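Following this message is one structure expressed as structure tokens.
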Amino acid sequence: MAEKLLMTALSPTMENGLIVKWNKKEGDLIQSGDILCEVETDKATMDYESSVDGELLKILLPEGRKAFIGDPIAIVGDKSEDLSQLLVDSKSKPDKETSIISDFTHAEKEIKQLQRQKHAIDKIKVSPLARRIAAENMITLHDIIGTGPEGRIVKRDLENIIKGKKNKSINIVNPLAIETIGDKSIPITEKRRIIAKRLSESMYSAPHYYLKLSVNMDKILSERSEFNQVAKEKISMNAYLIKFVAEALKRHPMINANWQGDTISKFAKADIGLAVAQQDGLITPIVKDCGNKGILAVDYELRILIDKAKKGKLMPEEFIGATFTISNLGSYGIEEFTAIINPPGSAILAVGKIIKEPTVSMNNEIEIHSNVRLTLSCDHRVIDGVVGASFLNDLKIMMENPIKTLY
Amino acid sequence: MNQPRDISKYEMKFLINLLKEMLLIRRFEEKTGQMYGLKKIGGFCHLYIGQEAVSVGSIATLDLKKDYVLTSYRDHGHAISCGIEPKVIMAELFGKSTGCSRGKGGSMHLFDAEKHMLGGNGIVGGHIPVATGVAFKISYKKEDGVVLCSFGDGSIHMGSFHESLNMAKIWNLPIVYICENNQYGMGTDFKRVSSVENFAVMGASYNIPGKQINGMDVLEVYEETLKAVSEARKGNPSFIEIKTYRYRGHSMSDPAKYRTKDELEEYKAQDPILILKNKMLEHNFIALDEYEQIDKECKTLSEEAVQFAEESQEPSITALYEDILI
Amino acid sequence: MLITYREALRQAIDEEMARDENVFLIGEEVGQYNGAYKVSLGLLDKYGPRRVVDAPITEEGFTGIGIGAAMVGLRPIVEWMTFNFSLMAIDQIINNAAKMRYMSGGQLNVPIVFRGPNGPAEYLSSQHSQALESLYVHIPGLKVVAPASPYDAKGLLKTAIRDDNPVIFLEGELMYAWKGEVPDGEYLIPFGKGDIKRSGDDVTLLTYSKPIKLVQEAAEALENEGIQSEIVDLRSLRPLDEDLIYQSVKKTNRCVIIEESWPVASLGTHIAWLISKNCFDYLDAPVELVASEDTPMPYNHSLELAAQPSVEKIVQAVKKVMYR
């Protein structure tokens, strides 16, 4: 029976071999152990020994040619056997499929995203336990002084805050014990303390004045309603407000500025904050660079930010540094109010409830329109009355006739 | 060296079994070499080609229900002589779960506890104390068994050899130490690294009798081991140096350039299989076509072993953590 | 009954040899000399030379013999005069004892106990003072235990002898004279279970073997400063009682590990990593390690003491994790 002789691994690391020289020719009789040919491997030139007896019927791999391990190099068998079957059976080289699953691009994207999320703020040192306690108690680590080595925040630093122990001793009351009416002392959270501090500072340092007008919201409402019928995610009113404010700020850059004492610094972009209520206070998530974003983009970002705000997961740069703030108490039924400027901005827009009311038209006729009261608080150090008034007026024009925003 | 044995005093069946076993080892090892070349077997692979008479002749003296065999990593021959099926050995070489060691041992660690084949040991000389411990148990339990502990000329200078022989003698352990001297420890001619050339004296420091015999004659191996085994059963350990030769390199990656072609040819002329075959032909204990039939059977068994190994399952990934502790 | 650590070991060996005919003791000086540290006192007289075997000084040889005998059904106890000499037999332990079951695909097992004193005694200098548990604990296929009281010693040695796997049993020369209460009847202590030797809320002191005395002293010193320590005696090094460790650290939020091993890649460093991985959110400070100094042991006694853990070092480490 004729059989094929295969290229074998003559060294453990060999992958293929080159026939340097055939020591036998077709028709020669060979015995097991005879050296048939010399094969050049990755290491040296080795002798290839026959493992069978018989006649060398056919040389399949001539001198100078290479073959992979397992490829046939010759046929040995009985004298004058019919080889047609063996020769037809062509050995197909196994595809060296090097299919590398390219998760690389995906991984690269993820890494870049994570890197973007990395904060530029100084690293806070905190023990894993303290970090966990802080998260569970909704305490931001930013304002805590750590008493561990190199300022590490440790468990006892949080214990103090949780128990409300500071220089002043505050009575801690066991809530379960309270049944009666009477004056109570409630220990303040860190958050409350910060809100109190910042808003007091704003009030006392910026001379506030207030500008008020009414805006006809019919066109915006109709547009929004139409859009929301086909939209997958309904757009919030706040997104519209933010966008229009951003457009107005572009035309009145002096509003988007900040009193520095010796100078006034104008902000390059409109980073607009929206006041959002939380369980124990309020926070202003910021949509950055609203001038360069459409309403849909603003709305999308706003949704994410508000969700984070409600879960207490906003990072500092996401709520500190708004160049302009909007406060909307319309959904609480407030028709009109004045808000306190949120630094570093120099103005804040208070938005009330949209009310359907009779208005006198150009033709002296009574028409029913949906109106909203806007009250703009301005820092007089930066924004004079006329400046503030023109901004507010332009805002009204754009909101009442959105197409005018494109002029 | 002794004169060739008088073959006529043996039973034909006995001789045919010896011949068949040697041929089986030969064909199996040739197949193993091929399979290694096709990368079906990986790592170290030490072939027994040329040394068949040693495992066949020595293990033929044993009753494996009460006796034990331990050897080094050149263990394929011993495994076959202990009765482990070729297909189970090949499956182990292929790393399959149907292998004798369930794919966890490989070429150097063939085991069959039931047949008292306790390896297959990878560390040179590392198994000699272990074999001595097996003999210790036999003596402790007052059993009738003996231990054959085989190792190569590369092991004989290991401390473990000397420590073991000393303790075997002081405690009268039933053990026969067999040094299969195939003349080369890997690539080193044993004469370059031994202070004595005739290892028969290596037991003398421990008052253990030693003998040097011809490992190319299976009947000589048989007879001498038989004597040693019966002495061992009485609690007298002994040592035999069996001079043999391997026709291939130390392992698959050894081109064996450290010996001359002439030397190899000289020993090929002393092929233990041919020696026995020719004697048997001479005495009409076997006909040529009978021999060829046996050879063909051995080749078929080897091919079937490969097929079995190919078709067998790989161990499951859970086998990784199995059998670390009991 | 109040007995010494060495007597506890002797009782364990005696009881197990009486219970099972296959148990035998082999080592240097274990028979006629009654044991280099008198652990095997009287056993030769009771059981005879077949079962209490005096070996020549051939650690590799008689360790291998023990392993071979165990593979075919006996239950040897191999005594090394100290664990320093186990290094002569390391090939047999790691390549044979630990692997025989695995390599044979589950056909064989090695029910053997390797025992002897481990770690520094006094004035013995570098070659005779090594704590080698970290080497053995690294090897899959071995079990490793280190009792630190007579009660633990007896219960764990009986379990070790009955275990069908190779067990490294770490004693200590200076522990042999320690006294402790041991119940009168038979009892066994399972592997893989540590022991809380003292309860406390402020810091977990994790240790095993001889340093336990120092740890207990340190705990008392710390109590005077208002710090309540919890002492976890591991007892079983492989397998480790991870649940007990994590339970304690999650309670106290702080951990100091004390061991006699050298500090590089020691068992203590491995446990410190396990704690950092599994108790990360419960740690108020990094895990501290008090190990032997990273040096061979000197002969001079003051240097020798300075090289090892001490009450002072433990107290300092605790204060560090308490931020005091």
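Just so it is clear, A, B and C label the chains in written order, and each chain counts residues from 1 on its own.
In this section, a contact is a pair of C-beta atoms (placed from the backbone, for glycine too) under 8 Å apart; a residue touches a chain by one contact, two chains touch by 3 or more.
Model, not experiment: these values are computed from the prediction.
When chain centres are taken as C-alpha averages, the shortest distance to the whole-protein C-alpha average belongs to C. A centroid comparison over C-alpha atoms places A as the chain most distant from subunit C. One inter-chain figure worth recording: subunit B and subunit C are separated by 41 Å, centre to centre, where each centre is the mean of the chain's CA atoms.
Computed centre separation for the pair subunit A/subunit B is 68 angstrom, with centres defined by C-alpha atoms. Averaged Cα coordinates give subunit A a centre that lies 52 Å from the centre of subunit C.
Counting partners per residue, subunit A has no residue that reaches two or more other chains.
By the touch criterion stated above, subunit C contacts subunit B in their complex at residues 24, 50, 53, 55-56, 58, 60-74, 91-92, 95-96, 101-109, 140-141, 143, 164-165. Partner subunit C is touched in their complex by these residues of subunit A: 127-132, 147-149, 154-156.
Of all the residues in subunit B, the ones that touch subunit A in their complex are 30, 33-34, 36-39, 42, 252-253, 255. Of all the residues in subunit C, the ones that touch subunit A in their complex are 253, 280-285, 323. Residue ranges of subunit B in contact with subunit C, taken from their complex: 68, 99-105, 109, 111-114, 118-123, 126-137, 140-141, 159-160, 163-164, 166-167, 170-171, 322-326.
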